[in-house]
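The two complexes that follow have chain A in common; it is paired with chain B in the first and with chain C in the second.
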Partner chain A sequence: MSAVGRRQFRALLRKDVTSELRTKEMLVSMFLFAVLAMVVFHYAFSVRRDVDLTFFTGGMLWVTFIFGALLGLNRSFVHEKDEGCLDGLLLCPVDRVTIFFAKMAANLVFLGVIQLLTVPVFSVFFVTRGYWGDLGALLAVLVLADLGICALGTLLATISMNTRARDLLLPIVFLPLIVPLLVAATSATTAIFAQTATGDALWPRLAFLAGYDAVFLVVAWGTYDFAIGEG
Partner chain B sequence: MDAGPAQDSAAAPEIVVEGLGKVFGRRDAVRDVSFTVERGGFLALFGPNGAGKTTVLRIVATLLAPSSGTVRVAGHDVSDDPDPVRRLVGLISHSPLLYRDLTAYENLRFYADMYGLDDREQRIAELLDRVELTHRRYDLVRTFSKGMLQRLAIARALLHRPRVLLLDEPHSGLDPHAVGILDSLLAEIRAEHTFVMVTHHLGKGLELASQVAIMDGGRLVFHQAAAVDERHFAAVYREHVREGV
Partner chain C sequence: MSDRDERSGQVPARATPQAAPTAGVGGPLGAAALVVYAIVALTGGLLLAFWWAPTADEMGGFAQKIFFYHVPIAETALVAFAVAFVAGIMYLARRDARYDRLGLVAVRLGLLFSALVMATGMIWGKAAWGVWWTWEPRLTTFLIACLLYCGYFVLRATVEDESRRATYAALFAIIAFVDVPLTFFATRLVPEGSQLHPVVVTTTGTGMDTAVLVPLLICMLGMTLLFAGLLRLGVATEALREELAVLKDRLER
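Right after this comes the complex of A and B.
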């Protein structure tokens, strides 16, 4: 990326983060959704107290994050579209891929903040075994899965932004495509929480997540100019 | 940042539109439109709603791709070479293209960074002063009146020192005071830029125009490369457009 491209990337990221910190629309809705989902899971799975929930924890966590991320992704182009600023953005001599990476980075920041706040709460509610020794592995799963969610989500949010049923279209297209990532992230996270994670079991899942990320980053790189379309 | 304009001579055509067509689905929004605007010229483009005026303007601004024909700005083709065109063109529309949750200064800083301006702070201060908004530079744009928004939109459009200004109904929704400020700003910068203005307002368009055109049904039905008086033009407009004025 050129010096001008890096400056444009920083400007786009700063603009999205500043706007969000002022309105807190995405962060508040994502955080509330994540906490409420945990409360619902807590009651739904507490019919019998002797049931060990450890092997459901990965699934509960990633279902919460994926639906929470959807709330944020659906709003990631709201300012551009509703305030007519997309025209202003497309008038600028900026590589469209720079817009993609800045939007994706902003979504990563927001999802990361939510995870930072909710993973400890989730651990208190549902995780019965200590996993301090595997904290690095959990961080790796979170980072790689977040990258895939935000790469795919940002690309699809851009495409759906230009449609009339954008609130419906994004989940309908996003959820089937995110299933492979969900399976890998869930099994890796469950193994970490259950303390059954060995290097041999984790590496293939981490490698799969990295491959998934690479595929959608390349797809976005190649198609974003078309995806963002005409203003 | 140098856009590398292909033609710098004052007499050279700044905007050349040839056989332009735009199709949305099955609808021909623009059909075989051709015109030229000389450097420093001012084209006022009139026509009823849905005539295709805004579509032509958006194609010149690189916001839409033409379906047929060519558009060149300072020698650069808008389809094949859009980035130099984007550096040369500024757009003022009825929508201010500003982020409401950022301050006036933050909005201008964002656009200055997007255009890669080297003298960002100096240019922002100069333009805020010019549109008389220095005292509101750290206020959120969502607190601005429509007139203040439009003044800030003018500052945004002029930030990267464009040679061509595209105006899409710039007076729309403004109160008389804001119209006065906008008109005096346009008169002030009239000599420095080439303009294309889309408007329904005959008086405003004809006041500044060096050439006039009328579009109807996607076609250019009248084009005169000279200024005309309002009374004569109203008759011409009625003759060419079924809706009348």
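Right after this comes the complex of A and C.
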């Protein structure tokens, strides 16, 4: 990315973050959704008081994040489209790929903030062991999975906001594509929470997540012109 | 639709009724011939599978015969998605509506063959393992692929502009095809490692008897020919459908 590209990237990212901080509507609804999901999960799975939920924790956490991310991803372009901002943005001499990376970074920031707030709450609610020693591994899983979610999600959100179905389409195309990432992230997170996270169990999953990220970053980088373009 | 109507009464070349409505159907490599070859190969392969191939007891005895159609169907489904992937790339590079039609028909057939993979897989699973469904990597991969490619049609249905629809369909076919192998690898990460499928092809060879391999290869060839025939037929049908839409539009004005 050139110097101009970097400046444009920073400007676009700042715009998204600033406009979100003024209303905070997305962050607040994502956070409330995440906490509500935990409450629902508790009553869905704790059929008896002594049921051990440890082996469900990874799944609960990632289902919450995937659906929370969907909320944010839909918002990230609906605003632009409704207010006609996107047309203005497309008229500017900005590389389309720069727009993609800025949007993806904004989504990454929002998802990261939500996780920073909800993972501690989740740990208090559901995780029975202190996992300080494995905190680095958990952070690695979170970062790698977030990158994949935001790379694929931003690309698909761009496509779906240009269709008649808008936000209805995104889950239908996003969820089946994210399944591989979900499988890897879920099993890695459960392993960490259940203290079965030996290096042998963790490394293949982290490597898989990194590979998934790389694949979809390359795909998005190569195809974003077509996704956002005039068709 | 709008861009080709505005050509001040100029008749688009495609819309002339005599533009060979059966192109791609006749001839020695046309759709009809390919389907006939396929029927011959599939019947021959099946006869060999029943009368020549030994009945493997360790793989479920007589029920294992479904293997000779199950595996070729699975292979053909993947070929179909690969064709859609290549057609997607070609469309984005050339912007030719023919590639869009090719991709559409390939995904449609891929979805059909995937459904058949699951149907034959479930029948075989019930006979061999005693359950209709198991969350086994390959079966799961096909289920997710089915859901994924259903999204392809939802996507197409929600875009009105033709060139945009074709662009997005091409993009989605590319993304989806990249995702299928990832799904397969990911499902193997599941801790239980529920590996019920016989691992047939290893690095040291296929580990199969000639009497099994030959009928299988014949069935694979037949199923691929069937796909090729249906593909040509489908593409010709789509071309006709578009031509009909143009003609109807002209008639109404």
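As a convention for this text, the second predicted complex is superposed on the first by the 230 of 231 C-alpha atoms of A that agree within 3 Å, B and C clash if a C-alpha of one lies under 4 Å from a C-alpha of the other, contacts with A are read in each partner's own complex, and residues count from 1 in each chain.
Everything below uses one rule, namely that contacts are C-beta pairs under 8 Å (C-beta built on N, C-alpha and C of every residue); 3 or more make two chains touch, one makes a residue touch a chain.
This structure is a prediction, so every number in the text was calculated from the model and none was measured.
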After superposition on the shared chain, which partner residues are touched by A:Ser123: those of chain B (first), chain C (second), both, or neither? neither
Quick one: classify A:Gln8 as touching chain B (first), chain C (second), both or neither. first
Can A:His79 be said to touch chain B (first), chain C (second), both, or neither? first
Which partner does A:Thr54 contact after superposing on A: first (chain B), second (chain C), both, neither? neither
Which partner does A:Asp87 reach: the first (chain B), the second (chain C), both, or neither? first
Determine, under the contact definition given at the top, whether A:Thr23 touches first (chain B), second (chain C), both, or neither. first
Comparing the two partners chain B and chain C, which touches a greater set of residues in chain A: C
Going through chain A, the residues touched by chain B and also by chain C turn out to be 231
Mind pulling up the chain A residues that touch chain C in the complex? 152, 155-156, 159-160, 162-165, 168-169, 172-173, 175-177, 179-181, 183-184, 187, 191, 201, 204-205, 208, 211-212, 215-216, 219, 223, 226-227, 229, 231
Chain A-facing residues of chain B, complex: 1, 58, 61-65, 82-84, 86-87, 89, 91, 93, 95-102, 106, 109-111, 113-116, 140, 156
Residues of chain A defined as touching chain B within the complex: 4, 7-8, 10-12, 14-15, 18-19, 22-23, 79, 83-85, 87-94, 230-231
Okay, in this complex, where on chain C does chain A touch? 92, 144, 147-148, 150-151, 154-155, 158-161, 163-164, 167-168, 170-172, 174-176, 178-179, 182-183, 185-187, 189-191
